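Look for chain A in each of the two complexes below; its partner is chain B in the first and chain C in the second.
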Partner chain A sequence: MTPILELRNVTKYFGSGRERVTAVDSISLDIEPGEIVCLVGESGCGKSTTGRMVVGLLPPSEGQILYQGQDIASMERADYQQYRRAVQIIHQDPYASLNPTQTVRQMITTPLLRHQTQATGQNGAGSGRRGRRRDAGRRAAELLEIVDLTPVSDFLDKYPHQLSGGQRQRVSVARALTVEPKFIVADEAVSMVDVSIRVSLLNMLYRLKDEFDVTFLFITHDLALAKYFAWEGRITVMYLGRIVEEGPTPRLITDSRHPYTQALLGAVPEADPELAKKKVHIELRSAEIPSLLNLPAGCTFHPRCPYFVPGECDLGVPGLERIPDGGSVACPVRMEEPSQIV
Partner chain B sequence: MSQTTDLSWHQEIEENGSQPPLSLQNVHVSYRTRKGSVQAVRGVSLDLQAGESLALIGESGSGKTTLGLGIVRLLVETAEVSPGRIIYRRDGRELDVLSLAEGPLREFRWRDCAMVFQSALNAFNPVLKVWDQVWDTAKAHRWNNREEVRERFLDLLRFVQLDPDRVINAYAHELSGGMRQRTLLAISLLLDPQILILDEPTTALDILTQRTIIDLLRRLKEDLHFTMLFISHDLAIAAELADRVATMYAGQVVELGPVEDIFYRPRHPYSLGLIRAVPTVTGGFEELSSIPGSPPDLINLPTGCKFHPRCPFASERCSSEEPELERVGDNHYAACWHTDAVQEDIERSGLRGMRSTQRERAPGQ
Partner chain C sequence: MTAQVADGQQTDSIFVSAWKGFRTGVRLLAYNRVGFIGFLVVVFMVLLSYAGPLIIELDTKTKIDRIYITPTLEHPLGTDHQGRDIWSQIVNGGKDVIYVAFLAALISTVIAVVFGTLSGFIGGWLDSAIMSVTDIILTIPQFPLLAVLAAFISLNSLTLLGILMGLLNWPTLLRALRAQALSLKQRDFIEAARALDLGVMHIVLREMVPNMMPYIVVSFALGMTFAVYQQAGLVFLGLVPITAGNWSVMIQLAWVRGAIFYKDSVWYIMAPIVAIAILQLAIISMTRSLELVFNPRLRASE
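Moving on to the complex of A and B:
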């Protein structure tokens, strides 16, 4: 099967000269249709930059992004428009991503009307402007139902400030669905929402995968959420712009190999007192994350890594190598050692 | 990295029997707004015992931060604390915090009860170096021996595992989030307070940084026996650090008990709902469920039990009669008419639902 989305050695720089920062450093990733891929890492690891490049909000500095086998940088206009419609993003902050002066109805019918015009061309005016408005209104109600904003009539005429964080995020999803996307990038889409409603948002997103064959790139710093959402998918761990480990979620969670992944898994606070006591924490050699302006040579994790081998880790940049249990690891030193977090 | 610093100056308060250093008695806090009175805290009674760490957990709007700010009297002017009493005890003397005059109040803050705020960047003055802020604080509390203050602060910075030379002459913006949070913690300990209130101490920090802060707080708790009040929406903080947990909902403590009881034998549907909504990282796949609905409007609160519109156990009684905290076990209290049903539900379907490798195709809530 052709991957729906493919990153080939994608690099993104910001700034230039001595101020140049490499936010994403030559990453490659294939995502199959219907898959859920989670991108996890701490702030500054390049996960959001990657997400923004995937939806076309930022051009890569080097490398290619392919949508359905076609490089988005050299697409024909019509194909490019189709790609931009097919790949949508849900942003982190539902307080900033919705227009405060529009009602939910306006926010959802506007793209519907615009999309409809494009789909039917100028001849589509047969049903008349009023007819199109009525269709858009009907579709808006359906979309709100899909995202569980029911009864719909309670929400259509609300402004964002009248909604809770969770409800706003559902509106964002409904808005993304107006253009019938095939691929959704969810960038920390539930991290600003209260814990009690996070799960229902995640379950709603998960349903989209089943009902509309949406493929997900789920970006989060929260490994527990990644595990829950992508249990049947894959997790990709990034550190300072590079992928350090990836693999099927169950393997990555229970038997991670890269010291950074293990450090993260060991460090995550657990909402379970026994587990919190039992878990092994990996002692790092340094608590400070290196500056992107002055990255360490070789493996960028080496100044913090407890398994640092002088003369090896600080020279060459380790490449991702396949491991038998699924996925790949960029650490020749530890890739064969089973995890001992629990 | 793991050097230990001598903090022998920390005077442990002897646990002289029954007198808790802090007692909240029927505390109410409301905010005046144009739409009406927002009842943020409604009748909270709690004792904070010497040397214990108590976590207040709950979602946004549950009143936990308001309560924390109320204890050090830092609420905005539109807030009113009434009725209720906040009693502070140290060395046999007793203070009524709510009636303290400006001078004694300033003494009480920091020296007796220090608060570490959620947003570490906002807690610093951006145009002062860290040392200048520390020195100002010391002077404000009439501690004028510059060398002594400096010595103490350097010790504290080493205790929070920071390089004193790097921090002491830095501006807040020059420090990373984790360094800022640790510096703030060091400053809060400067006057050796008896009580430390920490509002979301790890929120917005990266995972590895969170871990260093949690380990640090654990040392404060286990080695130095600080009395701490954690305020967090994050259950993990409670699980990692608390001896006792108080679950807050709509301005009330709805369940209070030892940490194991709250996490493994919760008796209030809201505590249970929170636990069932939070995934753990290690272990197999767990089915999670969320709490339907959203938190109540604090101006027009529901009748009866404030949780009843969202509660799967609710009966008719819940919508008319408001339950009070009742004893359900050793030191374990819950405010619910259906604590037995909650217990039965856990016995029947387990605490976190089915553990399986296949995701249930549960309809969305």
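Moving on to the complex of A and C:
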């Protein structure tokens, strides 16, 4: 099966000369249809930049992004438009992602009317401008129901400022669903929502995977969320623009190899004190994240890494190596060693 | 089931929703007291200038025995150097001033909105081209330019004057709107609209412009006040050979006839000046309320 989306050595620079910052450094990623892939990392590690490049909002500086085997940079106009609609993004900030001057109804019917993709429009129920409007209205109501904004009539004529963060995020999802996307980039989609709402939002997103065959690229800084959402999928850990480890979620959570992944796992708070006591914490040598303007040579994690081997880690950039039990790791030092931390 | 409920709500007729919008608009206008008074005065001035002439006829008869009469019941604002009623001239002289100012502000606002937002949103060579033209126009001193133009074109038509002023007054507003478009462009909902492939025209007109409306409306009002002064200045300097009576022409005529030299003639020169000042003050006060009316956060029905 061809991957629905493929990144090949994608690099993104911002600025030029001395001010040049490499936000994403030669990352490669294959995503199969129906998969859930999580992109995890600290803020500033390039995960959102990657997401925006996948949606086509930012062009990569180097490398290629392929949608269903085709490079999006050299697509025909019609193919590009198809890709554009097939790949949608859910933004992090529910307060900035909806136009404050439009009602929910306007936000959802506009793309429906423009693209005429609504299923109800094809059974001949509506013809002419009026009929199309009615179809769009009906489809909008269906979509709101899908994202659990019920009763629908309470929400259709609301402005964004009359809705809560979670409700806005649901409207964002409904708006993305108007074009029947095949691929959704959820960029920290739940991180600004009240904790109590998160799980139901995640479950709603998860349902879309089955109902609409949506493939997800789920971007988050929170490994606990990644674990919950992508248990059957894969997690890719990014650090300062590079992928340091990736693999099936259960393996990555229980048996992580890269010291950075282990540090992230150690930072996830556990509610159960018994579990918290048993948890292994690896001691980082430094809590400072290096500046993107002045990256350390070799493995960018080496100034913080407890397993630092002088003369090895600070020389060459480690490549991603496959490991037998699934996934790959960019750390030659830790690869062969047993995962238990002594 | 729920879909039907939604359909039922949609059958709100255009009249009902228009009435609802009007009611909300008035409620928001009244929210700021100064702004609301300004709004009422503007409405009054417009009514006076457009409906007033139907009732109060312009007094054109020269009456030698009534030169420079101070206000009486018959002549509420006294008479001019030919014994004509000043009040009737004020009532009849507002129409042209408002018309020219409105036309000029409308043209310059439309130019600034369309090109400012396109420039900011699309960027690249289009942005450079638009900004170069803007900067060139911005550096030309407008008043001398209009003075020179007036020497070549006979500016005897009000519409022509309004269009000319409109074609020169847009650069400052365009620059401001471009800056707003640049900041809006970064917002997530514009990105979402781009991802949904809604098209440039939709994004500019439906997503960006509504978010700039408070600013645009206020700029339009300020553009009107600027155009009022501009035309008054041009007429006062005698560069625009408009003979039909309006407030600016009245000031110029009063000045030329030496109305500032006599105690009793002060009414003649002050009446149009005060009329213009009241109109300007009212428009500027009104902007306070306009900001509220076009702020989407306050627009929600209840």
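Here, the second predicted complex is superposed on the first by the 328 of 342 C-alpha atoms of A that agree within 3 Å, B and C clash if a C-alpha of one lies under 4 Å from a C-alpha of the other, contacts with A are read in each partner's own complex, and residues count from 1 in each chain.
To be clear about the criterion, contacts are C-beta pairs under 8 Å (C-beta built on N, C-alpha and C of every residue); 3 or more make two chains touch, one makes a residue touch a chain.
These numbers were taken from a predicted model, which means no experiment stands behind them.
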Fit or clash - chain C, chain B, common chain A: fit
Touching partner for A:V195 - first (chain B), second (chain C), both, neither: first
Touching partner for A:S43 - first (chain B), second (chain C), both, neither: first
Which of chain B and chain C A:V21 touches, first, second, both or neither: neither
Chain B versus chain C as contact partner of A:P250, first or second or both or neither: first
Partner chain in contact with A:M75 - chain B first, chain C second, else both or neither: neither
First, second, both or neither for A:S97, with chain B first and chain C second: second
Partner chain(s) touched by A:R175 [first = chain B, second = chain C, both, neither]: second
Minimum C-alpha spacing, chains overlaid - chain B and chain C, in Å: 12
Residue ranges of chain A in contact with chain B within the complex: 42-43, 148, 164, 166-167, 194-200, 203-204, 206-207, 210, 221, 223-225, 227-228, 231-232, 250, 253-254, 263-273, 275-276, 279, 281, 283-289, 341-342
Chain A residues within the chain C interface of the complex: 52, 55-57, 81, 84-85, 87-89, 91-93, 96-102, 110-111, 114-115, 134, 137-138, 140-142, 145, 150-153, 156-159, 161-162, 172, 175-176, 178-179
Complex contact set, residues of chain C against chain A: 2-3, 5-7, 9-10, 187-189, 191-199, 202, 206-207, 210-211, 213, 296-297, 299-301
Residues of chain B defined as touching chain A within the complex: 1-2, 59-60, 161, 176, 178-179, 202, 206-212, 214-215, 233-240, 259-260, 263-264, 273-275, 277-286, 288-292, 294-295, 357, 359, 361-362, 364-365
